[in-house]
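Okay, so subunit A shows up in both of these, paired with subunit B first and subunit C after.
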Partner chain A sequence: MTYIEKIKNFSDKNIRVLDKVRVITKKEEGFDGVLIPNSEEDGLVLKLSNGYNRFVEFKNVKKIELISRGEKIASIPSIKITRKKGLPNVVLIATGGTIGTHVDYKTGGVFMCRTPEQIIATVPRISKVVNIVRMLSPFTIASEDITPEQWQEIAGMVAREVNKKSVDSVIVTVGTDTMHYLSAALSFSLQKLSKPVAVVGAQRSPDRGSFDGSMNLLCAAHYCKSKIAEVATIMHGSSEDDYCLAIRGTKVRKMHSSRRDAFRPINDLPLAKIWPNGRIEILNQRYTRRSDSKTILKTGFSKVGLIKVFPGSNPEIMDWYIKKGYKGIIIEGTGLGHVPTGESSDKTKSFDKKLSWLPWVKKAVKKGVVVAITTQTIYGRVNPYVYRNLRLLNRAGAVFCEDMHPETALVKLAWLLANHEPSQAKELIKKNFAGEISEATINKAFLY
Partner chain B sequence: MTYIEKIKNFSDKNIRVLDKVRVITKKEEGFDGVLIPNSEEDGLVLKLSNGYNRFVEFKNVKKIELISRGEKIASIPSIKITRKKGLPNVVLIATGGTIGTHVDYKTGGVFMCRTPEQIIATVPRISKVVNIVRMLSPFTIASEDITPEQWQEIAGMVAREVNKKSVDSVIVTVGTDTMHYLSAALSFSLQKLSKPVAVVGAQRSPDRGSFDGSMNLLCAAHYCKSKIAEVATIMHGSSEDDYCLAIRGTKVRKMHSSRRDAFRPINDLPLAKIWPNGRIEILNQRYTRRSDSKTILKTGFSKVGLIKVFPGSNPEIMDWYIKKGYKGIIIEGTGLGHVPTGESSDKTKSFDKKLSWLPWVKKAVKKGVVVAITTQTIYGRVNPYVYRNLRLLNRAGAVFCEDMHPETALVKLAWLLANHEPSQAKELIKKNFAGEISEATINKAFLY
Partner chain C sequence: MNYEKLGFKCGLEIHAQLDTNKLFCSCPSMLRKEDPDFRVERKLRAVVGETGKKDVATKLEEVKDKLFVYEGYDDTTCLVEMDSEPPHMMSREALMVSVQVARLLNMNILKKVLVMRKTVVDGSNTSGFQRTALVAEDGFVDTSLGRVRVNMLSLEEDAARKIKEEKDKIFYRIDRLGIPLIELRTEPDIKNPFHAVETAKKLGTTLWMTNHVKRGLGSIRQDVNVSIKGGTRVEIKGVQDLKLMPKIIENEVLRQKNIILISKELRKKSSPKLLKKDFKNVSKIFEKSKSFLKGKNVLGVCLKGFKGFISREILPNRRIGTEIADIAKMVGLKGVLHSDELPAYKVSAREVNGVNKALSCGKSDAFIIAAGEIGKCYQTLELGVDRLKQFFKGVPKDVRAARPDGTTAFLRPMPGSARMYPETDLPIVEISDELLRVERVETPEQKFDKFVNMGLGEELASQVINSRKLKDFEQLLVTYKKIKPTELAKMFFGAKTELKKKGITKLTIKNFSELFGLINEGVLSKDSYVEALTMLSKGRSRKVVEKKFGVMSEDELEKLVKKVLKKHGSASFGALMGLVRGEARGRADGKMVFKMIQQLKK
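Up next is the complex of A and B:
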């Protein structure tokens, strides 16, 4: 039975895809929305008025009422890309994610773009800013399914392209969920980077009025013309369509599940504000400038675990990572980098010694695992000296990651351990490779 | 050999505690600071000019130079607490942490307060606002060492006190590292709460000019006079000494490792702004008012794990929790609540099926473990309907935690599982018990 045949079971009207309908479920709930196709599951999908899709299993559907007929919408225009003299040459690497989707106006469904023309069609103005000379698409994967193996592949591709004389910069489009992990991975992998590398995504799909991908892409093109030779994410800076922020790849984090301005700098100022009309305001003077140097590809990522401690958390989990052959563990401690030790408990309370993390940190370190401390507060710096419990953790062999947020520390340690001996990696974690450690605390950066 | 005798090994001057010295280490680094006592470790502690303590192991010390002699400082004044008619009666429960410390001016060391008089001595003005009728100190533990067992003990104490006619409200002082976990635990444990409960700490110790504990405590006293019958943290609202924020116990998170205004509301507005002079501005009209109802103590916390997923993370870790007898697992997904599934990879890439979380979620659910989804973006709401990968996770049996941030979801699930069957707990996680779920999205709350 086809999708539409199944739909017809619940209505005497001849309901078609793109019709506006009311779906009444057995739980007595009703949903109004536009019926869109769904080939893979045993249920229907409605586009709700808030723009989100809502899936309803057929087994829960009681009745479907027709509200109004759907209109036919013109199909997506085809764009012919022409090269203009004097514009910088940009290579686009598309990897999937919401930004790499387009709406099929025949069916209302959202599909992955397969050609540069399809991506450019969402933002025709880009061809007045840069020449997209080539589009590469190594794979099409939603960002939650991207692994370090793919970071490596993208890094290799970017390195090859930026080292070509004919290329002025590179744009990478990717899903937003793990975009900040990728941007950190590229920042470390591309040593002595000589040209701008923009990492761009979209928080909203192209079938929504609030689609942000085209403006982000346009601002990324402007970033490509700048003199900032750093990996940076280019995403909405506010919830309006007014400007984007270029944020250093090692100091950026997705801080909201759905807002368009979800990407924020952590313990750092954004590199620049970029307006769709091409205006660029530098916000952070400490950036690397374009150069003629050769970009050196140094990539690879070892297995590193991430553990967030919490009241009553069981430190024995560290043993699982040791036994699985992990070469490093990032701990998200509390505050300045604390883990439970039991050492602060007064004599009236017996702290369950099994809850102290110190013996497990010592054991991991003894086995050659690098244990590195970050903070779950996200903002701020860890410090091994202020309190006695911190010093105990430091002396147990853990290394403190300054003001790197946990995700950047994770990517960096994985990268270091793939390229160095553990003892070296432990020292190098405190060395600045790609702007990931701020020397001084920037007050304005908090909740920027 | 005493501390001072060890110090003398490195200097020909007769160095004493509280002298200003320069410590030169074997690494050729020099530290200037005031020598303060340190009885427990094999090293010295300097109070640096930035207010932080710096520990230096004796084995690394090369030389100690005298800069200037320390002055004798008058000892802490003793405060006599008198009850004033007409002021509300407040019970103070002190549990440890930086706010519960005072400086011993004889030695320069920071010690835990043991009596109400000692805490009140740091903020004498409080006695003009409320009568501290009683101080209880169940234990003195730094907050990184507090466990759910202690949450339960504090909850029991608060319940007993608020149910007394003679008591108008309760202040709990605690270390800040896990203060937001405690405030959530109290919010859930004290059902039908009828009076204000203020949770207060300090980010800076009392020997520093920037000590925030006294103003926080004073504003907490003002909160005790208010009509807001909720558990709320009372901490600095800005980096100045101008006002505090009262933030609902289930919607607050420590967002900076060291700033005084580290406690911020997540997906919610603060309940109120409170100035030290007693002015209170309500910022959130949706709060519970004081009543005559009996506060019901419903407490207890089951073992619940917390896992943060990341690119390449190994889902087999879930099995560790299942085998250890955990009754619930909170997953910090990416974006709207994603975990790696491999379902989005195109045919050109073979996703390592071992990295899909779906089979492990199914296994956990089958074993009766409640698997609940939150987002590592901290801000925003998870949603099981928008993308196919989310629906697959939902259908694998995971429950989505709306706009609760991971720490509140963790405490809530632990609390539910201690008081209900798993199947009930799974339903109840989406029910609002203590303002932990916002019905509508509050735009102003992002990065507040």
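Up next is the complex of A and C:
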């Protein structure tokens, strides 16, 4: 039974959410308030005149009287846009997540903004920086529910838009949890990208005064005006509301579950610092500049698994992936890329041979599955030579992913395998496509 | 004043800090004096309210466009206060105290508690809202003038405390942010200003009975709601000093009476329609001025028919003009000048005439001018004219701030009733049966009777109940059962005055525990408590004190009595008592001395 059906049990009037009602309990107490939606099964929620919500258990309710009909749920505020000449034209692709939502203050319900007018209502200042000419929304989902098929869909959309002459750049809004997977997927899919593509989200909800998304969006608009033609995430650079960091899509990672400045560059410097007033400071000189070249869409993602080894981990898990037809496996090794082998010394006799990953890596490679090594330290580069165990792993046919962090390696391998033969993919994973591999590891890039 | 005839209505909102950990994280509820370990600068964005429009109150705050600097500590604040981590589950301890208070006030405790977000835009909450939850409703407290209904108890988080304000920057310390507050709201059942004080005191004492409500300045804060017939409900915030409460309420009654009067006259002379927001830049007039206006942007507006009204007093030393000046200060200007007070402040008559001309002011008109940053001048005049328009309708619906002189200043318009919406980061909190099994606490009356029955006497009993050391005292009572409660109370509450005479002001609960331990064990006579406590407070050990003041053994006392008898054998019994006790210096109990002399004199 739905909430409203349960409510209707107590009244002959056709009571709706947001109607003003009087709930009379079996003890003959009366509560006046506005009926609010509620997800708990056993009761209803009233918004009292003092502003508080009050829970009333269904089992205590005798009847519900209608006092007056309520208003409709407040519509999403929107601001009329006037396009200004001389400002860059930006297309906004909204995919879900905290940013670009509106909280209905009566019900607490969350609604997606559907039009540029609604989005801009949350950041009025953006219309002084860019013209948002269009808003596309292929789907609306929380980022943890996004699949590689949807990366592909977004990539297709971005490619179509950036190849239009009338469009100067694209902003993609997305939930933050898997934002860095998407930014990597876009980075690989959009080859010869000639315009800035900003990927933006929010760590705090838009109902509150401390919403971070409006500054992120504003800085993203400034990024759209910049000369950097790369996919970059634009999120808070510090816990303060001072500036955002533009971080290369393949080098960025969400490094905190809740802070505003959760997005950090891994083994790389941010591309730029962007202040809400429009100031841009380039931090990384090695970036791709805007050009007139046509962006080529090369996308698609194959099934690739991601496994983390740990002391005592059972390598048989690899067999599951092999049997399920995965074309690639990324291993998050320890330190420089180690997996347990039991062969580090003659004295490791106590090591249970079944725990060695080497036979399973060999088996996978033999079956044509690409096995690629990254590190669970997240920062730093893997190395196939320093220790004997690494060499054994290397000899077993695993390929080492340089300074790519595990999720970028995952997206890259999935992308390579969708577009190349496994033998080629195995070679190409070590080749740089979108700034994902830096030849030199810069000192300042650690814990930036 | 006949308050009944005036249609006086008054209710209280009381906020009391709990001394549990914070409401939505496990940080201690501790205010710090040291310099903060870190500072974080943030901005707040004005959010569109429930009606789809920005709240009036929000709008006014927004014009400030301030930067907020939050100061915190590495060891006693965490990411929750910083709005960088979602809230943790609501503190069980705070809920338990709420249940205890609700019972003392005969309230209905709700089964399920829904946490709400209340929009706050002054920056005192890092999130931009304050979390609050209704826990109990429909209670009452009995007073000398009848029952005052307490219609709600809510549990909410305290705001950050303001440290200082600089140009466009407000500094807040987040040590206070998140401390649990119990808010009690009464119905307007209060009959007069002194009744308000009685009710506030009664509620305060009731809260203290839980032993988990903080004491001391700022830990309980009162807001007062006042209205009279023909006036309107005005909320006065931050009445900290109960002694000032009657004066503040009397002043508010007076203010409303005055405004009702002024409003009537105003309607004869002008109308809101005549108040045009026709602002003119009059800077030129002051180019060569000797006043502080020289070289500044000066913006003016003519107020049709307002001559004489701006300087009308609504309270001693507070005029209509002062209310506009309050707005100017909020916007960030020093104040405003108006025609009723000019020429003055080195503004010449010629300059005044100039302004009159420039603004086309007639004989019965007035003007206000604002000087400084042009944007701020606009905002001040804009909001100022809006405010003046309100006076036509009568008493504006204000939230006002109590001032130390017993007057109040305009703070912001009364917010719309519903600036609250559900906190989506937290599930519904269940008040479980287990939680309801929390120990019941005694009402102040019960406690009073208990102490009187112990023999404390009514005066001492009420002193104990109102003392911030009540909790310590009750603990001592349980620990040192061999000491009579009256004596324990006299020593515990009398020590401060006694030791002050000796120049000692610092006494710790440990000093008292040691003292009462010695007396309880019979090694120390209560007669020498002042001397013993003096030594203990100076850091001497229990042993040293025992040696010096410990009760004499029977042998020792016998020796002393014999010595005195030998010397003064012929003296009267009373004199002998005095001599022995003098020599014993408090180390001998009176009764024992009496017995010994009686025995040996034979």
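Keep this in mind: the second predicted complex is superposed on the first by the 365 of 448 C-alpha atoms of A that agree within 3 Å, B and C clash if a C-alpha of one lies under 4 Å from a C-alpha of the other, contacts with A are read in each partner's own complex, and residues count from 1 in each chain.
By our rule, contacts are C-beta pairs under 8 Å (C-beta built on N, C-alpha and C of every residue); 3 or more make two chains touch, one makes a residue touch a chain.
Every value quoted in this text rests on a predicted model; they were computed, and no experiment measured them.
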Touching partner for A:211 - first (subunit B), second (subunit C), both, neither: second
Subunit A residues touched by each partner, larger count belonging to subunit B or subunit C: B
Which of subunit B and subunit C A:47 touches, first, second, both or neither: second
Contacts of A:96 with subunit B and subunit C, given as first, second, both or neither: first
Contacts of A:446 with subunit B and subunit C, given as first, second, both or neither: first
Touching partner for A:121 - first (subunit B), second (subunit C), both, neither: second
Touched partner set for A:55, first subunit B, second subunit C, both or neither: both
Partner chain in contact with A:239 - subunit B first, subunit C second, else both or neither: both
Partner chain(s) touched by A:343 [first = subunit B, second = subunit C, both, neither]: first
Touching partner for A:260 - first (subunit B), second (subunit C), both, neither: second
On subunit A, positions contacted by subunit B and by subunit C: 40, 52-55, 239, 257-259
Residues of subunit A touching subunit C in the complex: 36, 40, 43, 45, 47-55, 57, 74-75, 77, 103-108, 110, 121, 204-211, 214-215, 239-242, 257-260
Touching residues on subunit C, where the partner in the complex is subunit A: 40-52, 79, 82-86, 110-114, 116-121, 126-129, 132-134, 152, 154, 185, 417-422, 424, 428
Subunit A contact footprint on subunit B (complex, rising order): 40-41, 52-55, 96, 112, 139-151, 176-178, 181-182, 239, 254-259, 262, 264, 301, 303, 305-306, 308, 310-314, 317, 320, 324, 332-346, 348-349, 351-352, 355, 375, 377-383, 385-389, 391, 407, 410, 443, 446-448
